[in-house]
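Take a look at this one; I'll ask things after.
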Amino acid sequence: ETLRMARQFGIGYLPLTLIEEQGLLEKHAKEAGLDFTTEWLRFTGGSGMNEALLSGNLDIAAGGVGPALTIWARTQANLKVKGIAALESMPLYLVTTDPEVKELKDFTGKHKIALPAVKTSIQAITLQMAAEKYLGEGQHAALDAFTVSMGHPDALLALLGGQSEISAHFGAPPFQNQELKDPRAHKVIDSYDVVGGPHTFNMIWAKSEFVEANPKTVAVLMAALDEAMTFIRENPEEAAKIWMGAEATNLSAAEVIELITDPRVTWSVTPEGIGPYLDYMTRAGLITTDVTDWKELFFPTAFPG
Amino acid sequence: MQPNDPLLTVRGVTLQYKTPNHLITATYRVSFDVFQGDRFILLGPSGCGKSTLQKAVGGYITPTEGEMRLKGRKITQPGPDRMMVFQEFDQLLPWKTVRQNVAFALTASKKLSAREADEKAMDYVVKVGLEKFADSHPHMLSGGMKQRVAIARGMAMEPDILLMDEPFAALDALTRRRMQDELLRLWEETKFTVLFVTHSIAEAIKIGNRILLLSPHPGRVKAEMNSTTDPRKAAELERQIHEMLFAHEPDEVEHV
Amino acid sequence: MAEPGVPGTTADRPEIFHQDVSGGDLTITEQKLSWFETLYREAWLRKLVILVLLAGIWEIYGRALNNDLLFPTFTATISAFFSGLMDGTLPSAAWGSGKVLLMGYGLGIALASVLTALAIASRIGTDFLETMTSMFNPLPAIALLPLALIWFGLGNGSLIFVLVHSVTWAIALNTHSGFLGVSKTLKMVGRNYGLRGPAFIIKILIPAAFPSILTGLKIGWAFAWRTLIAAELVFGVSSGSGGLGWFIFENKNMLDIPKVFAGLLTVIIIGLVVENLIFRTIERLTIQRWGVQH
Amino acid sequence: MQPNDPLLTVRGVTLQYKTPNHLITATYRVSFDVFQGDRFILLGPSGCGKSTLQKAVGGYITPTEGEMRLKGRKITQPGPDRMMVFQEFDQLLPWKTVRQNVAFALTASKKLSAREADEKAMDYVVKVGLEKFADSHPHMLSGGMKQRVAIARGMAMEPDILLMDEPFAALDALTRRRMQDELLRLWEETKFTVLFVTHSIAEAIKIGNRILLLSPHPGRVKAEMNSTTDPRKAAELERQIHEMLFAHEPDEVEHV
Amino acid sequence: MAEPGVPGTTADRPEIFHQDVSGGDLTITEQKLSWFETLYREAWLRKLVILVLLAGIWEIYGRALNNDLLFPTFTATISAFFSGLMDGTLPSAAWGSGKVLLMGYGLGIALASVLTALAIASRIGTDFLETMTSMFNPLPAIALLPLALIWFGLGNGSLIFVLVHSVTWAIALNTHSGFLGVSKTLKMVGRNYGLRGPAFIIKILIPAAFPSILTGLKIGWAFAWRTLIAAELVFGVSSGSGGLGWFIFENKNMLDIPKVFAGLLTVIIIGLVVENLIFRTIERLTIQRWGVQH
């Protein structure tokens, strides 16, 4: 029996990298008297992964809060996909190289803001929420016209390459941190400010059917995750080394450690800050649901305490 | 089939081409019989439907009216029992050499094994005087040479009935006479049946034993007559056919 | 030399002469076709049957699968299609893509013409076309992203650039091979009239190689669609302007799968319309009338 | 160019085809002169290089050796001053009707305006007896009909020199004689120059005023002689040419 | 009827007779070519010049742009290429993609053959091919993703499925139009030998339509590469595997742009090698020898 787990790129998947590299799943499975092997699949985006999950080629998906919310909302009537655990809380920055832009309202028609996906990505939603917050009620779509879809690396290259109209990028770690190292770049908004506190960035989710059928496997997974989280909190240098060995990266060890130990980052399986997103998306009609408590997005596993 | 039944019967055959905007009648209610061993000639002016008639016998065109039977069986599709030598120069397979073109006909129609076919092919390539070009591809041949390969192929197949459409038209006087003689010599040997289109009256009389005269477009039967080998009678016959074809034309001896 | 021998084995047959061969009114009674044959002869009917069958298979498979999030049924797709049609999102998306597509397609054809003309004119031109084609044709659109961004910036300029890349090589390859396949004799005839350069290409080579060119145009058309839909995602669609690709991507992100399929269905329908109205008509007026395909 | 200088001079011309594996010599050091108003015949066995020689005069093939001059200028490329009637059946543009095929030659070579070309084209289509098929596309024509369109096209162009490669080979006796007469009638009118390939000795004597005899492959000049219109002399000339071509062959009257 | 008149205007010329026409040893002194012409005749040399020129333009433009993040110079790319070659990552990525590509390509050819055979055999087959092509050819690979996942799961199965989709239609279209363009006479000759069905297609239609088929194969080959590189990203990989597309994606994530271009250069080089070694050789042995392209 194999457990099929997915992973994407970036430092945000560090707990999963550790689980794979240190064989934590196998270790805890053995302890629990279970016998399974793990297959790690890598995806470049949430949409391919969701399709893999729905078509039964994947047991546990890992990705951003945006796709997770969408698939949860869409499957309430049938498959009931829910979150198993969060991977961490991390802030997302809107970075610009235009010195004139200090606040959100300084953006004009000559600016282009790169996002992973216009309108639907978590960055786009955060930007809408920010617009609503800083520019006023009803202004949530004010900046949509300036946004363009672009992958993180392409957006970074376009922003720092300086030969295109891209003058801002709402990205993710480590790209946003790399951008901020450039003297021309500065931060315009921070998602923690928009949401009003820390919020989960990446999480893992699965179909109810799987969780109900394999409670032991899920327990093993939670134990492994827990160990990985502890390891990260306690041995960030070691974790950074393992991550650099496993992932192709151009970051230096110091940079990775800095990312991991950033005080604004929390490594925990417990989700937080989902509420504002759920509220906003429901309000904006991006999802339809009558759920009021965002905790219903998760299986009880996410709240071990 | 009785021994004296005709090999090929054509009964009231009308042949038409349908194109999106036109309906062209090539021949109109043509009837004739070809017997075993006949050297049957189709003679008629340009565009009167000789090639069309041959293609219909070949099984490529279905008559709009009437029917054609070979050995009593209705002709419905092409087959190696009726080997065609077309009028067009592009009837050789460009991807095969001269020799392979002849041999391929024999193997593809399952007449001979590859080795036998190859030998026989070479025999016939020599007969048409192309031994020097046996290993050339068709695009390296002159017009007349291409036609000779097609003739070699047709003869090598030894079909029930050989359908030849102006096979010697592109040949010079000497080569043409050689080919005619070769055809007659082969006929002496195996007494095959041949349906031969030509536009030369002299050639018709020399090659054929029975001549079908067709009227201008659309082709209808004007006459069906016997040929002769007697030189005096031949001259008389030539004059007669000439008159029938050239009716209303100033009388002049054919000199081409 | 062999003596011709006694002609034939049945030389004693009577001779036949018809005096009045011009007679008759050439009336011919054609055989009637059965109604099945009559119907079968109608191309549109045969195609309709195929389409209905395919739709049926889709519906049945969709129902059997019963997984609306992955593969909706045909009816679900059709209803999403009509609602998209009614609220105007689909037509505007299709129009957005179509505009760009036509521009890219047109430019691609123009570029292919130039390359092929050069290839026909000189050996180095041939080598150039061959080398460029074998180098660039296998490159995916993402490879062009940096250059596109530098040269054309975001938006339609870059999209058109990518489209040109996907259209040009296929058309150029087909056209060039078509030109090479034109019969030697026809080429000699054209030269004989004193035609040279562009006049020779336009008046002789293009009509003579028309079947190949048309195939190239069809393939180019299809690949333009494919590329456009993929490229609308890669090349920064600013929101508000997006075309069909964007429509599909957005709905996919929102997991509104029937809408995704409605978008794809639009592509399919446009493909069918273009094939059966435009390309078919061109074929009927050219290739079929000229009798160059059998 | 002096009035008595030849229109076309061919001096020691060797023509070769180079293929990846072969080098085929079609003609070897051929020399002759064609004067203004000549009806110059190329006569020789199949594959001796007649078509190749004509294509070289047409400007399609560059001699490996020797040179060809038209009106004193070296021939380097094809042009409408030398109009060709090819031996192949696929020389008509399939996308044009019979009438358009003839007219297009006139407009493409900038000889006439579209309207004039169209009228003239129709004249010539009538001359070759294809008025009924003026608006048909070539694929709807028989072999002989296609050749007649090509002949109409060549004649309508009224070039400095008309190059005809076995133009009448696919025609029946009657049509052929009509075409020959038409050619001579046109010549009487305009005294154009024609270089004519044929494989019929009788046709050569009837059409030509000067006859070039070529040896078998590779073609070399055997003789260059004058033709005659006197019937008795013609018969003698025919016999003479026949002997020269068929040397070492059993003597027999050509009867094809 | 007109009298032929006095033959010619210069009938008083002497007649000429050559007795010994067989003489001479047919020696011919060919004109020497200049060294430039001799070199120019070498196709590989001309192509090399083109390649060197393109590389030069790349280098100069890269330097002028001076923006390593967007567009590295040729030399930077080449050094990344060699380092990738040395440490084995590039060859293994190329091999990973190549394997899948060949399988997809092979299957695509097989499917195209079947479709075209059906299309040649019957009218409904033709309609089927035409309808399928006009419907599916414009669909991007992502449209097939759900079905691919259901049928083949993640991994090579799905990749091959997508490849087949990108290869089949182009090849089928070209092959079919090639078949239709085969001369009527050649088709009649084949039927005359009693060839029918597959034998007729293999022995007559395929060789006769070979130039068109080869063009289809070239286009299919190129689009297989494009699709594969794009699809490797959508489909993800299971750990350990991953081809050139993945290599490019990974290095882009690491912002190692020279390596990204080294990956693309690998695609280009493979394209050049396949064109000049494989397709050229096939052309030399077939089309050129048969004299069917001029």
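When the chains are written out, they are named A, B, C, D and E in that same order, and each has its own residue count from 1.
Note that in this section contacts are C-beta pairs under 8 Å (C-beta built on N, C-alpha and C of every residue); 3 or more make two chains touch, one makes a residue touch a chain.
Remember, it's a predicted structure, so these values are computed and weren't measured experimentally.
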Graph separation of chain A and chain C (steps between touching chains): 1
Contact-graph distance - origin chain B, target chain E: 1
Chain separated most widely from chain D, comparing mean CA positions: A
Chain centre separation in whole Å, for chain E relative to chain A (CA means): 43
Computed distance of Cα centres, chain E from chain D, in Å: 42
Whole-Å gap separating chain A and chain D, where each centre is the average of the chain's CA atoms: 83
Overlap residues in chain C, where contacts from two or more other chains coincide: 1, 67, 70, 146, 149-150, 183, 252, 289, 291-292
Residues of chain D engaged with two or more neighbouring chains: 19, 88, 90, 140, 206
Two or more partner chains touched - positions in chain A: 51, 55, 151, 154, 157-158, 161, 163
Those chain pairs that satisfy the touch definition: A-C, A-E, B-C, B-D, B-E, C-D, C-E, D-E
Contact footprint of chain B on chain C as seen in their complex: 1-11, 13, 15-18, 21-22, 24, 26, 28-31, 284, 288-289, 291
Chain B residues within the chain C interface of the complex: 4, 14, 16, 19-20, 25, 28-29, 35-39, 64-65, 181, 184-185, 187-188, 191, 206, 208-210, 215, 218, 220-229
In the complex with chain D, residue positions of chain B that touch it: 17, 19, 22, 24, 43-47, 49, 51-52, 87-90, 132, 136, 140-145, 148, 166, 168-177, 180, 199-203, 206, 217, 242, 245-246, 249, 252, 254-256
Interface residues, chain C side, partner chain D - complex: 1, 183, 185-186, 188-195, 199, 203-204, 207-208, 210, 286, 289-292
Chain A-touching residues of chain E, taken from the complex the two chains share: 65, 67, 69-70, 145-146, 149-150, 153-154, 233-239, 249-257
